[in-house]
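You will see subunit A twice below: alongside subunit B first, and alongside subunit C after that.
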Partner chain A sequence: MSTEFSNSAFRSFADLAIGMRPMKAVFRRYTRLSSLQIGTLIVVGIVLLAATAVLQGDLEFLERNAILVTTDPLQTPLVLSVGMISLFLGLSAVIGVTSEVENGTLAVLLSGPVTTSSFLAGIVLGSLVFYSWSLLLVLGWSVLAATIINLHISAALLLMMAASYAVVFAVISLGLLISAWSQKRWTAILVYAAIVLLDIALRVLDRFIGSVPVQSESTRNDPWHFLRSVSGVLDRAVQWFSPFAKFDAMARALEFADYQQFFLQLMGTILFGVVMFFLASWLLKGQRA
Partner chain B sequence: MITRRMAPVIALRCLLTLGLVASLLSMSGHQGARAQYAENPEVANVYGITYFDGLLYGSTMAPPSVDTIYILADQTSFLSLRETIVYFWPLTNQYLADWDSRNELLDSVLEVDGPGGKMEIPLADYVIQYQKDDARSSLRVYLNDDAHAKYDEFVSLSTQYQDALAQYNTDLVVWQQGMDTYLRSTPETIAELPTPEPPPQEPEDLGTMSSDLQRGFPVALPAGNYKIQARDPNGEIIEGSQKSLVVFEEGEFAIGFDIIPEQRWTRPERSSESSSPIYTSANTTIYVQPFWQSRMGAVYDARMRNPQDLTALPGESTWALHEAALPDHLVVEQDGKVIAEVPLESFVVHQVAGPTLGYTVERFDPVSMESESFQGFELDAELISSNPTIRLVDAEGNTLSGSERDLRSLHPQNIGWLYAGAALPLVAVGLVGVFRLRGSQSRSQELEKE
Partner chain C sequence: METERSATPLLSVRGLTKEFGAFRAVNDLDLDVYPGEIVGLLGPNGAGKSTLLSMVLGLLAPTSGEISLFGATTHQENREARRRMSYVPETQAIYDEMIALEYVDFFREIYGLPESDDDVLDLFERLDLEKWINSRVANFSMGMKRRLGLIRAIATDPDLIVLDEPVANLDPRGIVKVRELLQQQRDLGRSVLVSSHLLGEIELLADRVIVMRNGSVVLEGTPSSIRDGQVVGGRIEVEIAGDIDQVMVALRRLPFVGDVRRHKDLIQIAVSSGDDHRQKISQCIHDEGAVVLQMTSSTVSLEDMFLTATADHGSKAKTR
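And now, the complex of A and B:
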């Protein structure tokens, strides 16, 4: 199976090189979807309001406490924005692919010069264009915050914004893989939602359990130690697969100026996205055959 | 005679009595369960550990229940295998050693197996000494003959100091008696008395701190995971001596700050990372107190200090605080230019009277005030409003590691404008919707006309 997949990956690369024009056609077709255009604007609006609420929390703490010591108050809003927008774009990709399958238009598209790889690449590119517009709005919001609140837009924040493309690519590729595997819209949506929710739940659980103070003189028999060990193992497992966990790790690496770790996590995220993308292409090709 | 009307009252009383009895029983049971005592004392071999934490030495022990010992890399820590009585202490849920009942150093050789191969470390006499005012740079460890020589020297100096101190106390009593005579004399007789002598000078503090002369295995290894065991003079492995030894790199040494806002001086914030700016609200004066700190893995740090610790979380790091000499002025810069040099000063805190509560801080005046509340560098609101950077420099003008911090005074009152900006995409969606609706309405009207 691995040989089959690697051959397929090579063929997918070749398809991508040959299928630039069909890919552009898919890209234009995908970006013309009004639901995607309006949906992105709505999501970005909600995201920016949520980001403002997060920032307000920090500012309220500052007003109560007179001082606030934190890495960058704009970092959490950025992580939140990237997370929410990428989830939306991943969901749009799921709906986009499964709709084409269910409507029978995918078979028509693939009967011509459009290959599975160029079809999926067109969707990815279309999503990344929408993401660029969204990120521009997030950057505009950050500049506004920096100007009127007197915050500072750090180089680390801009680096995080650039790195967020890898996270979005990985999440969209995950959506493509699920839709290529399922080919049924609601099944794909449910599986996508389940995976995302499980990821978030495991990470929140680990943060919650980790934040509960353990008695300073507890023993190995303390059930919290068992829970902390289990949630720690699960969280470390999630670190390997979750683009969001990797984005979080990138933020932490920049906090400690650990650029080696930052690029390691970035490469890991891109690799995750590439593997998901070619797996999706391979599956879609297999299903079509 | 029990009437029907009384029955519910009696039933209620019975219930209350039962409840009271039950709660008393449960309380007594609870107290019984809480009675604590040393459990299962037994003779066992344990490792006494004298670990170096990056600045000073501390001591702990690894009982048989612990299979891993943690020490810092490339620094000399000491292990000593001792026979003692170990017991479980339920109050702290830890095994403790009854050193007073038995504390016998086992004559042995430590075998270490790890990344550098196998090695044997014999027992050595050692002593640890440092200067009180600058432990960080003056700390020294002496082994064997050097240890004996340094310890003898310290004992000699200590004896001299004690003698000088005793002489000083004697001289002080004599001087005070002379002063009392002088003060009690009348104006007529005082002219006949000799001019009083100046008070005797207190002998200079010894300044040096020293451990007792100890014996153990000096272990200084590069970072890595090792296996250790001890052999007795007959070549037999001593029971309980086989353990894992984790030798870890010391993290960076850096300056941290405690930040005290004037209005809430009881609620200081700690700034450990130089990458984290210090944000203040408008018109806030802050006082910063620097300290030395070193970063370590939370688990490593906790288990070095107590091998039985289970509270530290893997993957997290902690900052260990150290007492060491610090500069007495803080440099404040803006765009790379020095705009102020703030001296270290003493301050006094006054609670604001009345219903508003709060605090005011003013400089300590040794003439009119009794005692200071704290020491720190004052950074007033005007200085902070220029978004400066602060740093500590040593006598040679070098910036102390990790002492740079950006300061910013924020304007939280403008958050409303940010909400307005954030809502713009939703407003745009609304406008697009309205235009599309109007467009479709006008098209349908045109179609109707046609």
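And now, the complex of A and C:
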């Protein structure tokens, strides 16, 4: 299977190189689709409101407790914004691919000069264009917020914004993989939602368990000890596979100016996206073959 | 409608087989489509038509056998071969958010063609869609979407057009328009492979008919050669005195008999070979203790041949 996949991945690279024209047409369609939807504008609005709420919460906490939550108050809102927008784009990719399968338009495209990889690349690029517009709004919001609270936009924040493209690519690719595997709209949406919720739940669980004070007389038979071990293992798994966890790790690495760790997490995210993308292409081809 | 046949087929299928587990959907099938001909693919549900089309279109990999498209052995990545082919599926398969001309241009861009020219506008006119050229596809009726799908397929300048049920959801005027357009495309040298359940339409449209059953070709020939009985015999009607049901059961056992039906006091028998079977049928009826009162033989329609060839013991026959 691995040889088959690597051959397929190689062929997919070749397809991408020579399949630019069909990819461009698909890309333009998906760019237009995402910019036309009122839903996308609403999502960006909600993201900015949520970012404002988080920033306000952090500042109030700082005022009440005189404890600095983070060295860069704009970082958490940015992580949240990227998370929300990428989730939305991943969902859009799921709906986009499964709709094409269910409507029969994918069969028409693939019976012509469009390959699975150029089709999927068109979707990814179209979504990234939409993300660029959203990121511009987030940047505008950040500048406004920084001016109001008398901060400056740090280089680390700009670096995070650039790195966020990798996270968005990884989440969209995950969406593509799920839809290529499922090919049914509602099944794909449910699986996508379940994976996202599981990711969030495992990370919240780990933080909750981690926040419970350790008893000095704690033994191996202590249920909290067991739960800590389990959630620790699960959290490490999430760290490996979740683009959001990696983005979190990138933010932490930049806080401590650990650029090597930042680069490793960035590469890990890109690799995750690339593997998901070519698995999706391979699966979509496999459904045909 | 005989056409001058070029020596080299655009599409050549040899020994094509597709298995889904233990089920063999297409069984060792051979098929050729030549330039400038319309080939009609007929068969009952489950005959393997859609599986065959999917393999030809590169949407499904064969279990074994070879598909040669435009002289080259095709596979899913044969971009040039696929650029010369266009497909209109049975489903609408249209982007509702686009306007009609935009939809056509989207596919022209994919096929590396410039934006629509007068030839494309002429296609809209020919299929009575010129007034809707700038309308959103979401507002189109099923029949209009079907016609737009055909315009899109032709507008991508293919050498081979593959159509699945092209006249479904069309009114009689639309059917005639589509038929005339496809025949015009044939006259321009394009080939059309069309799968349909509408026997009458295939009879009027196709230059050659291929009937499939259980994944194999059971009948192949021009509609006229089939009708004239060059491939198979025809229909025999018998009036008997005796137990009709018992005689019908016995007739169905005869190897050359396809479909056996009862119409009032008559037994209608479709036979699947060119020989004169009247004597054998008389003998069979006599063996069942019945008496033949009257027997007539008649010419057949493509429908009769379809029913004969796709009946359980139909045999393969070919004509050129």
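Remarks
What we mean here is this: the second predicted complex is superposed on the first by the 276 of 289 C-alpha atoms of A that agree within 3 Å, B and C clash if a C-alpha of one lies under 4 Å from a C-alpha of the other, contacts with A are read in each partner's own complex, and residues count from 1 in each chain.
Please note the rule applied: a contact is a pair of C-beta atoms (placed from the backbone, for glycine too) under 8 Å apart; a residue touches a chain by one contact, two chains touch by 3 or more.
Bear in mind that the values here come from a model prediction, so they are computed numbers and not experimental data.
When both complexes are overlaid on chain A, the residue A:V171 reaches neither subunit B nor subunit C. Applying the stated contact rule after C-alpha superposition, one finds that A:R29 touches subunit C and leaves subunit B untouched. In the superposition on chain A, contact of A:V191 is made with neither subunit B nor subunit C.
Using the contact criterion defined above for the overlaid structures, shared-chain residue A:A66 touches subunit B, although it does not reach subunit C. In the superposed model, A:V44 lies in contact with subunit B only, and not with subunit C. Looking at the shared chain after the overlay, A:M276 reaches neither subunit B nor subunit C.
Which of subunit B and subunit C touches more residues of subunit A: that partner is B.
Against subunit A, in their complex, subunit C makes its touches with residues 54, 57-61, 76-77, 79, 82-83, 85-89, 91-95, 97, 106-107, 109-112, 156, 162.
By the touch criterion given at the top, residues 38, 41-42, 44-46, 48-49, 51-52, 55-56, 59-60, 62-63, 65-73, 137, 140-141, 144-145, 148-152, 156, 210, 214-220, 222, 225, 228, 232, 236, 255-257 of subunit A touch subunit B in their complex.
Of all the residues in subunit B, the ones that touch subunit A in their complex are 91-94, 259, 261-264, 267, 269-271, 273, 275-281, 284, 286, 310-311, 313-315, 387, 406, 408-412, 414-415, 417-419, 421-426, 428-429, 432. Of all residues in subunit A, only 11, 15, 18-19, 21-22, 24-26, 29, 33, 36, 103-105, 107-115, 285, 288-289 touch subunit C in the complex they form.
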